[in-house]
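Take this structure first; my questions come after.
So that you can tell them apart, the chains are marked A, B, C, D, E and F in the order they are listed, and the count of residues begins at 1 in each.
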Amino acid sequence: MSSFVQWLTESMFLWKALIIIVIFAITLGIAAYSTWAERKVAAYIQDRRGPNRAGWGGLLQPLADAGKMFFKEDFIPAQADKWLFILGPCLSMFTALMSSAVVPFGNSFIIGGKEVFVQAIEINIGILYVFGVVSLGVYGVMIGGWASNNKFSLLGAIRAASQNISYELAMGMSIIAILMMSGTLSVREIVLQQHGGNWNIFYQPLGFLIFTVCAFAECNRTPFDLPECETELVGGYHTEYSSMKLGFYLFAEYINMFASSAVTACLFFGGYNYPGMDFVETQLISALGANVGHNVATLIGIGSMFTKILFGIFFFMWVRWTVPRFRYDQLMNLGWKGLIPLAVANLVITAGAILSGYKLVGIWAGLGLMIVLISVGWSLRPKKKNAIMGA
Amino acid sequence: MQNILSLPPIWYTFAILSVLTLFGALGTIMSKNPVHSVIYLIVTFFSISAHYILLNAQFLAAVNIIVYAGAIMVLFLFVIMFLNMKQESDEMKNNKLITTAVITALLLGGILIIFLRRAEKQKVDVTSFSSQTGMVEVLGKSLYGEYLLPFELVSVLFLVAMAGAVMLAKREAGERHF
Amino acid sequence: MSNQIKTIEAPEGFEGSGFFATSFEKVIGIARSKSLWPLPFATSCCGIEFMATMGAHYDISRFGSERPSFSPRQADLLMVMGTIAKKMAPVVKQVYLQMAEPRWVIAVGACASSGGVFDTYSVLQGIDRVIPVDVYVPGCPPRPEQILDGLMQIQELAVNESLRRRNTSEYQALLESYNIQ
Amino acid sequence: MQLTNRAKKTDKSELSLFERSYLPSLATGLGITIKHFFQKKPTIEYPEQKRYLGPVFRGHHILKRDEEGRERCTACGLCAVACPAEAISMVAQERVKGEEHLYREEKYAAVYEINMLRCIFCGLCEEACPKQAVYLRHDKFVPVFTDRSDVIYGKDQLVEDMNQRYQRDAWTKEDAMKLWK
Amino acid sequence: MEDLLIPKNTSDALALNRPIVEDTEFTTLNLGPTHPATHGIFQNILKMDGEKIVSGEQTIGYIHRAFEKIAERRPFYQITTLTDRMNYCSSPINNMGWHMTVEKLLGVTVPKRAQYIRVIMMELARIADHIICNSILGVDTGAYSGFLYVFQEREKIYEIYEEVCGARLTTNMGRIGGMERDLSPTAIAKIKDLIYNSLPKVLAEFEKLFNRNRIFVDRIVNVGPITAERALEYGFTGPNLRAAGVDYDVRVMEPYSSYEDFEFDIPVGHNGDTYDRFMVRNQEMWESIKIIRQALENLPEGPYYANENHYYLPPKHDVYKNMEALIYHFKIVMGEIDAPAGEIYHAVEGGNGELGFYLVSDGGRAPYRLHFRRPSFIYYQAYPEMCKGVSISDAIVIMSSLNVIAGELDA
Amino acid sequence: MTNQQIAEDVVAKFGENTHSFEEPWGLLTFTTNRQNIISLLEYLKKHETFRFNFLTDLTGIHLPDNQGAEFGVIYHLHSLENNVRIRIKVFLSQDDLHIPTTTTLWPTANWMERETYDFYGILFDGHPKLIRILNIEEMDYFPMRKEYPLEDATREDKIDALFGR
C-alpha cells in the first residue's frame, strides 16, 4: 500500500490527472461548440443567419441539442445486433477522445517548484500513438454500420473502412517525411524544434497538403464524407441511430476535427510556438518574476495553440461548405494513385534535401523539379484534336 | 495473501492485462458471431500491446496496434461484412473438421511446451540493462545493421505477396473497379 | 384530435411530480423546441417552398431546425409536404412508425392537410386519416412564413408537453385510434 | 441531327493540368464562399420582421362590407362555382324588412363557409365576385391550425370588422393600373 | 395488401411497398420512395453488385393526382390550377401553354403586348426551373452552398411573380385571352434589376464554382450518357435531348407567343452525359436572360388582353354597372364559353421539354378529354438504361440531372 | 412536304385501311384499324422523306356513345427533320380491347401504353410488362372511363351540392 501512495504522490499523478481532466473538458467543450460553429459558419457562408433563437446568437444551441437527444426515445432496431449496436458509438467517441492525449497544448507551468507540462501524457512515440488511435477510429463506424442491419448503413460502413485504410497510408508517409526531418517520434520534441518561426510547413508544403487531405478523409468530412452522405446513403452508418447514440457519432466527428487540427498545428504550424515568443517571455519574466512570468508566457502559448486549432476547425468547415464530394472510385484513385505516389515523392525529395545539407532550398527545388517533370510528361502525352472532357 | 496489497502497482496491471488477454483470446474462439470474434481479437491485441508497454517496448506496442488492430482486423471485419451472416453455416460443426483442429492444436501446444522447457530463464542484469532496448532508435539500428539481410528479404517477400494479391483481385478488363 | 395530445399543465411547483420534475420538464421541453430536426417528407410543390424556407431569405436554421434528417429515426418532426396519394399513404405511416419519440407531425399545405384541390379517387383526403397530425398549415403551397408559423406552433407544443409524452394515456389513446402499436 | 441553324455547342474542353490538380477550383471556391461569409445577409427575421407581400398577394379571405357597414355579398354563388377546390359553400337567404342596415342586397348569405385547408388561394373567387364582396387580403395569411375542426371559417371569421377595416390601394385591377400612371 | 407493405427487415426500412426479393448474388437496394435524393417521390428498385447497379426498375405513381380526370370536370379557366401543380418548378409555362391551347381552339389572337409579357414570364419560369435542377445537382454531389446562392435569385423571381399575379409558386398566372393584369412599373423594375444586375452576377459565380471544378466535373462527366438516336427513341425532349446533341426546341421549330421575334441560340451538348445536361441548362439560362432583355426592350404598348367579352372577364366596373357585362361575367365564370368542338394538340417548350396539351372538346364547358404530354413522364423511362453499370452515386446524379418532377411524372 | 402529300402517300400504300382524313387546326389526322397500325407506324417511321421518327404522344380516349368503337388510341407522330406532326387514331370496341404494342418501334411507348392501360384498360398485345403504372395494383376499375366518378367517396367536408357539380 505504502509504495502505491508514494508512487501516487511522487509521480505528480494528481497534477497530471487535473490536466487530463482540463484537456478533456476543453476538448468536449470545443467539440460541442463546433456543432454550433458548424451551423453558424454554414449559415454565414450561405448568406443565412444560422441558429439565433436558442440563447444569444444561438449559443445555447448545443445544450438544446444535447437536451433533446438525451430524452429522445432510444431505439434499437429489432434486427440489429444489440451489443454491437451500442458498442459502435461508444468506440467512436472513445477513440476520438483518446487521440488528443499526446498533444502538447502548451509549454509548462511551474507550480511549487515543479514543472508541469501542459500535455496529458508525454510518450516518446507520440506520433505513432496518434496514428494508432486514428487507425482505430474506423471501428466505431464499421461496427455501428454493420450492427444496424440496414443496407444503407452497411454501405456506409464499408465505404468508411476502405476509405480510412487507404488514406492512412498516405497520411503515414507524409508524417514520415516530418519524422525524417525532426528525427524524433515525440510530438513535444517536434514542437520544440519548430521554435522561433521555424515551422515545418515551410519545409513540408507538399507533406502538409497530403496530410490535410488525409485528415479530411479520416474525419469523414466533405469532400470525403461518403460514409454518411445524405443524398446517397440517407445517413450512412448512422441511419438507424437515434437519441444520444447518434449524438455520440456526430460528436465524435467534431472531436476528431479538433484532434486533427491540434495534430496539424503541432506538426506543421509550430504548436504553441508563435513568432517572437522568446521576447515576450523575457519581458514577462522581467516584469512578473521568473515563475509567474513563465506561467503567463505559457498561457499565451496555449492561446496561440488554440488559435491555430480553431482556425483549423474553421478551415474544415469552410471547405465542407465549398466543395462537392468525390465518388467512391475517384476517392480510391485519389488516395492510391494520387496521394501515395506524391507522398513517396515527397519522401524522396525530403531525403535528398536532408542529405544535401540544404534542407529548405533542397526541398523547394525538389518540389519545383517534380512539378516541371509532371508538366512535361503531361504535355507530351498523346493528344486528340478538339478533345472533350472524359472522351 | 496479505502481501498482495504490498505488491507494486505494476503487478496489478500485469495481472489485469493477463486476464484480459486470456478473456479476449477465449472469446475469439468461443463466440459464434464472427464479428464478435474479431472484436474479441482486437481486445486481445490491445492487452498484448499493453504488455509490450510494460516491457518498455513502446514502439512494438504502437506498431502492434496500428498494423494488427488498425489495419488487418479492419480488413477482416471488412470481408466479414461482405458475407451474408444471416444464414447459419453448418460447416463448422463437421466432425472431421473438429478432429483435425484438435490434433493441430495439440501438436502446436506440444511444440510450444517443448521449446519453453528448453528456453533458459534469463535474469535481468540491472547494471548492464539498457533502458533504451525496445526503443525506436535501438530497434532501428539493430534492424538496419545486424539484421539487414533478413529484413530486406522479408520486404521482398511482402512485395511479392502484394503483387500476387493484386493479380488475384484483378477483374477482367473493361470492368470498373468498385 | 390533436388537441388531445396536449396535457394540461400542472400548476407549477408542489403538485404531482414535484417542483424539480416540472421545471426539469420545462427545460427539456425548451431544449426540444429549439432543436427540432425535421424530416422533410416532400412530395410536390410544397417541397419547393420548403427549399425556400431553408434558403437564405427565410432560413429555418434560425430556429435550430436546419438539419434535415432524412432518416426517420433521427427526426423529431415529420413535415409532410405535398400530395399524399393512396399509394403513398402506407409509406407515410411506415415512416411515422419508424420515428423515435417524441415525434410531431406537420401537414404542410392543402394537399397534405385535406387533399386540397385534388378531391380525386387517387388522393388521400388528408394525412390525418393515417397518422395523427399536430399542426396543419393552410396554403397551396403555404408561404415560407406560414411554414415557419407551423414550426413555431410545434415549438409551442413541445415546450408544453410532458417529458414522457408517449406514456400519457391521451397519447396512447390517440395512437390506438390510428391502430399504432 | 441538325434541325435549326441556331445550335451552339457548349464548352466541354478538357481540363488543363493545373485545373486537374484540384487546387485552382478549390481556391476560387474558397474565395467565393469566404466572400459570402462577410456579405450582408438577406435573411428576414420572420416573426419579428415581416415582408411586404406585394399589392396583389392572395392571402386570408375577407367578406367586405360597404361604407355603411352592410355586407356586400348577395350569395350569388359565383365564387363557389369558380372555386376549383370546392372549398366555398353558402346558404342564401332573402333579406327581410329591418335588415337593410345589415345587408346591401336583397339576398344575402346566411351561411358562408370556406374550408381553409381545401382552399388553394388561386384568387378565382375574388375575380368571380360581381359584388366586390370577397377579397383575398394582401397583408395577412391564414394562421396555422392545430385541430381539423377549426378549419372551416364561417362568417364570424370572414366578414370584415368595421373597426379594423381592410385597406388596399386598389380594389380592381383597372384601379390599380390607374395608380401606376 | 397490408402484409405486402410490411418490409421483411429493417434494412429495407425505407422501401416499403414491395416484398423484398432477395437475390443470392445481388443485393436489392430500394432508392425511394422517401430517399432524400428522389426530389419528389418515386421508387427505384436497384439490383446491386457491391456498389454497382446491375439493373433497375422504377415504380411511380406515388403522387398520382388524376389531373386528366379532374380536367374533364372543370371549366377551361380552372384548369390552370392543375397545370400550376404539374411542373411546379415552372408553373407559368404550363399555365400559358394551356391558355394558348384554349386560345387556339377558340381562334383568338392575343395582342402583342400580352405575348411579350408571356414570353418574359415563361423565360423567368425556365430560369427558375433550371436553377432548381442545376443547383440540386450541386446538392446531390455534396456542394450545398451554390444551391443557396442561386436560390436567392429564385426568390427574386418569386417576388416578381408575386407582383404580377399574387402568388409565389402555383401562380395561376395569365387568363384565356391574355394576362390577368398588366406588368406594373414595380414588376418591370424588379425584372430589370434581376436580369441586368443580380442574376448574371450570381450565375457567373455559380459557373465559376462548378463548371471547371475537377471534383464536380469528375462526378458528372461521362455519367449516364445517352446517344441522340436512343434519346429520340425514348422520347427525350428539352434540355435532356439537346444535351445529346439534337437542337430540337419547340420555341424555334413551332414558334408560339411571338418567339420568332427573338434572337437566341439553342445550346447543345456533346454526348448527352450529365455534364452536358448541366451545361445545356446553364447556357439556357443565359439565353433566357437574352430573350427577356429583348422582350423588355421591345415591349409593345397596347392592351394586355384580347378584347373579346366571350371568354375574357369584362372590367369589374362594367360588371357592377352594366347589365351586358354582368351577363358575360356570369357566363364566363360558369364556364359557358362557346368552345367549338374539335381536337387540338399544342406544345410549348416547358422546363423539361415539349409540354403538349392534347385537348378534345365536345363544345361543353369542360374539355371532353385533356391529355398532357408530360416530358418527365416520358423520358424517365430511360433511367434504368442510363444507370446500368454505374455506382449508386452516379445513379443519383443522373436522376437529379434528368430533373424528373414528380408532379409532372405522376400527373 | 404537305399534309396532302402525306395523305396521298398513306392512302396509296394502305388504301381502304385508312380513312376519315381531317385537318383540324392544320394537323393531319386520320384513322386506321388495329391490324394495320403497326405496319403504318413502321412505314411512316422508316419512310425516306417523311421520317416520322418521333413518337410524341400516345393516349387513349373513351367515347361511350360511339357504339362499337367506344375506345380510341391516339398516336401523335412528329417528323423532326420536316417539322410536321400527324395524328393517327385507332378505335376499338368495348368487347375487344386489344391492340398491338408499339414498344417494338419506340421504347418510349412502354409507359405511355401502360398509362393508357391503367386509365382505360386497353390491352396492348406484346407489351413487355403491362401492369398499372400510376394507380395501385389492387385497383379494380379503370378510372378514366367516363362512368367512374372522379371524387374520393370519403370526402366529408363538402356540403355543397348547390351549384351543379
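List of remarks:
Rule of thumb we're sticking to: a residue touches a chain if its C-beta (ideal position, glycine included) is under 8 Å from a C-beta of that chain, and two chains touch if they have at least 3 such contacts.
The structure displayed is predicted, hence computed values, not measured ones.
Of all chains, the one whose mean C-alpha position sits at the greatest distance from that of subunit A is F.
Counting contacting C-beta pairs between every two chains, the top pair is D-E.
Rounded to whole angstrom, the centroid-to-centroid distance between subunit A and subunit F, based on C-alpha atoms, equals 64 Å. Between the CA-based centres of subunit D and subunit F the separation comes to 39 Å, rounded to the whole angstrom. A separation of 71 Å divides the Cα centre of subunit B from that of subunit D. Between subunit E and subunit F the centroid-to-centroid distance comes to 24 Å (mean Cα coordinates, whole Å). Residue positions 80, 83, 134-136, 143, 150, 157-158, 165 of subunit F each touch two or more of the other chains. For subunit E, residues that reach two or more other chains under the stated contact definition are 13, 35-36, 51, 61, 64, 66, 69-70, 81-82, 84, 145, 148-149, 152, 155, 170, 209, 213, 215-217, 232, 246, 248, 253, 270, 275, 391, 410. Counting partner chains per residue, subunit B shows two or more touched chains at residues 176, 178. Taken in their complex, subunit F has these residues touching subunit D: 80-81, 83, 157-160, 162-165.
Residues of subunit D touching subunit E in their complex: 1-4, 6-12, 15, 19-22, 24-26, 28-29, 32-33, 36, 42, 53-58, 78, 81-82, 84-85, 120-124, 127-128, 130-132, 136, 138, 171-174, 176-177, 180. For subunit A in complex with subunit C, the residues that touch the partner chain are 39, 42-43, 46-54, 58, 60-61, 63-68, 71-75, 230, 234-235, 238-243, 246. Subunit E meets subunit D in the complex at residues 74, 77-78, 80-82, 84, 145, 149, 152, 155, 159, 162-167, 170, 172, 180-182, 184-185, 205, 208-209, 211-217, 228, 232, 245-249, 252-253, 264-270, 275-276, 279-280, 282-283, 313, 315-317, 319-320, 326, 329-330, 333-335.
The residues of subunit D lying in touch with subunit A in their complex are 12-15, 17, 26, 29-30, 32-34, 36-37, 39, 41-43, 45.
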